[in-house]
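Structure first, commentary second.
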């Protein structure tokens, strides 16, 4: 097995039953166990905290579609140049949209994409959260309201953008490697 | 009660018993319920995911002292100019260190502090994680090993730094306001 | 006595009578002789030139209140991350305003403060003078006129902002240390 | 007479005798009264404070030659893209060095100049003071000592660099215009 | 036919015989006529100047392999976030290397790739040419010589990196669209 | 003869007749053979490709005057701090405009120049192409149309700006030295 990250932090052995089942489900549904989960599995509390936050945010109820949440993930990761997250979530955008070019546009430069004003405003806000959050003001939130987002949606856009600013940094800091299967998926 | 953030997202009402108890403990121990918890309490799943990650990271076992984790929190928040996190965690540095000037140094410019090489390397890494994670390489991790950190410590430094890059952005994006009690504490 | 800066430049000895008297007045009124004055006192001509400019600018007649001039000082110093000036002038904002939170807001992120349009425009101009003076144009000056500032006020805003861009750099370049008494003042 | 700056702040009228004499000397020696002096002459106290600091710094005793002080002025002004200061002090470098190409190099990119290690270190320090003073540390000062500068010289390099960070911002903020005579001088 | 760019500049009609033949060869060999050629074809002199420079640089003799020249093209385009060039030259890296992951690494973050020191130095130089050419000095060129490059190779690395800094800007400035066929190629 | 660049790449010897004639014409008309041509003359194909592109772009038909194309060249080179191009094209602006101050303004800070809206918009676009081409959108091109430029003009502005982003980087990367005669010309 190729290495997961630059750190020598082997997975808990044996894995707790619940974790083992979760990984089996990943393998069955995705064809792989995402390396990020394996990287956290040296400490099951940290793994559980991460997956709880991730699953609520990316898969739970929201005014944002799952594709939109993945688009935010990729745009943030493009600004932060995170190889792991661009690879994994780029594949997710291709899968959920059925549009490989859209995945490439999110990776390369979302401004070159032909988006509707709602999604464009969403990504502009996510980019500002990433690059200069300290200058965000009411006018930035109002720009989201102006294209139809409610306050809960604004929370979710901010939350997803903020989350990938965490994972991008974590992945780059420890050189987390994406599962190689992602590259060819949904092309 | 003054507002918590720029979003109109009232807390769940009634709060679940467990949440209510948790808030009561905060009030008793800290003299306040941190506004960040109230800001997430419109959705108890999100609140629980946040507190689980926070408590494991900042209060759980680690080769980093609680003070060191708070120092990282403030240095990251200084780079991101997050009023909420600088206020709350600046107070924590003053409290845990018993050294108000150290708290100010972390807020203003950690490079002006007279730190030992271990803590200086720790904060330099956290700053690089914050400002340019995409250029982190093995040499950066080796610099941490050279002052005595192990791979688990490196994970924790990266993890704490990455986490505050999330919370800083979330707090700024929704204009989360710190509890005013923090300002005068531990001066 | 703790060191004043990283340079070995002792004060003139004996100090001229006028300088001695000036330092005595500082001690009496402020409870300390600001280290910046001691750092310049190796050369009385330089000290006198500095104090003449400082006293005229910060204490002389102006359409800006003394508090407003100190607010500019802190906002500029926050951008330049100058430990000396943030410490000394942060205390001055707390003293002159009687509002410790305002002092923290100027240190941490003035955009998070709830300011009237006049003061906000004043600080936005000071921030632009600090970060990208080469792109200032008539529209930037007009924005000051639009909230009621006259040309003499614009001169003063620019002058104070420019001055702290000098002192911030001087203090950081020679590692000037603030008097420790400032930290606890006016909290 | 063409305008001096974007502000409507006419010179004191009549000028005090001492100021009038000073301007006459400028006219006689330089062939012009520098516009910066005219821009400050609406308030004689401000003018006197400025000229006292300027004359001590640029013309007084120092381990730096007058040419070296002017080289620092131009390098700082190049980073800040200040039209006034580049014009006036570029002419001064050409005059004092008798080398028009040296003036152009300081304006355009000092790194392309063939300088001795002492002057190169001096300008590198001045550039760092200008661009990122908050990260200056002992190693930066030591680099100056390593090429022969003493602590007083370090003070002067920092002081001159810091001063032009003030004047550049002041000139750009109020659109101060250089006397047109400078352009053709010493070519 | 979908649009080529944001400008309304139709191709010369009829195309000169030589141009027509060149486009036919492109169609036959590549399965498409690159849109960049169609974007310049409103003016045959400009098209010929562009193709002459391109063909000499990317296909002519050089100490750099064709793959290495394409790697430089993609790394430069990643820094400049040029959708056109990342798409077209990302496909070329996948084709020439037979390694789709290498193409993704060049697009996303070349520092995450496991390169030999020669290619790493080559790409570091290309990145510096792109981001801060004004601070390149002899030490940067020497770093290339230290891993075995000669002066002609240094010329070629600089030349290819500089060229894509031109084409990236041209493509973004006029919103040149890549041929959609590139996305699925060589995955 | 002084050196042309940091690379040891002597001119082809003998030069082909056509090249020799071209250099003779340069000598006769300009009083010098631009060093950039000598730097490329180690490989006549590269020299010819460069001169073909240069002559078409800078001397061929265009809605932009030759002076305007040179103004773009200098503004781009000022941002990139390229000593070679600022020297050579600064002289060209002085020559073509008969206005030495205009040349200095383009070198130092074009925003300080008193330009008509058409030329100002042209230079703002060229600056954006240079500094952040990835965020150019239709609104930027529309701003050019609003002051009277057509689509062919937009192509030319982008093309000239992009070209000097290439030559600036090439000149800085190999330390190309400008012919010293330029400095005193047209002052």
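A, B, C, D, E and F label the chains in the order they appear, each numbered from 1.
Basically, a contact is a pair of C-beta atoms (placed from the backbone, for glycine too) under 8 Å apart; a residue touches a chain by one contact, two chains touch by 3 or more.
None of these values were measured; they are calculated from a predicted model.
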Item checked: Graph distance between chain B and chain D, where chains that touch are linked -> 1
Checklist line | Copies chain C and chain D touch via same or different residues, half shared test | finding: same
Next item on the list: Go through D-F and C-F and name the pair with more C-beta contacts between its chains.
Entry: D-F
Note to self: Which chain has its C-alpha centroid farthest away from the centroid of chain F?
What the structure shows: B
Note to self: Based only on mean CA positions, could you tell me how far chain B sits from chain F in angstrom?
What the structure shows: 51
Notebook entry, point to check: With chain centres defined as C-alpha means, what is the inter-centre distance between chain B and chain E in Å?
Noted result: 44
Margin query: What's the distance between the Cα centroids of chain B and chain C, rounded to whole Å?
Written below: 30
Notebook entry, point to check: By residue number and range, which residues of chain F touch two or more other chains?
Noted result: 81-82, 109, 134, 137, 175
Margin query: By the document's touch definition, which label belongs to this structure's chain graph: line, ring, star, complete, or other?
Written below: other
Next item on the list: Would you mind giving me the full set of chain pairs in touch?
Entry: A-B, A-C, A-E, A-F, B-C, B-D, B-E, C-D, C-F, D-E, D-F, E-F
Item checked: chain C - residues contacting chain A, complex -> 109, 111
Checklist line | Touch list for chain A against partner chain E, complex | finding: 78, 81-83, 86-87, 100-101, 104-105, 107-109, 112, 175, 180, 183-184, 187
Check: For chain B, which residues are in contact with chain E within the complex?
Finding: 134-135, 137
Next item on the list: Enumerate the contact residues on chain E facing chain F in the complex.
Entry: 6-9, 42, 45-46, 48-50, 52-53, 56-57, 60, 80-82, 125, 129-130, 133-134, 136-138, 141, 151-152, 154-155, 158-159, 161-163, 165-170, 172-175
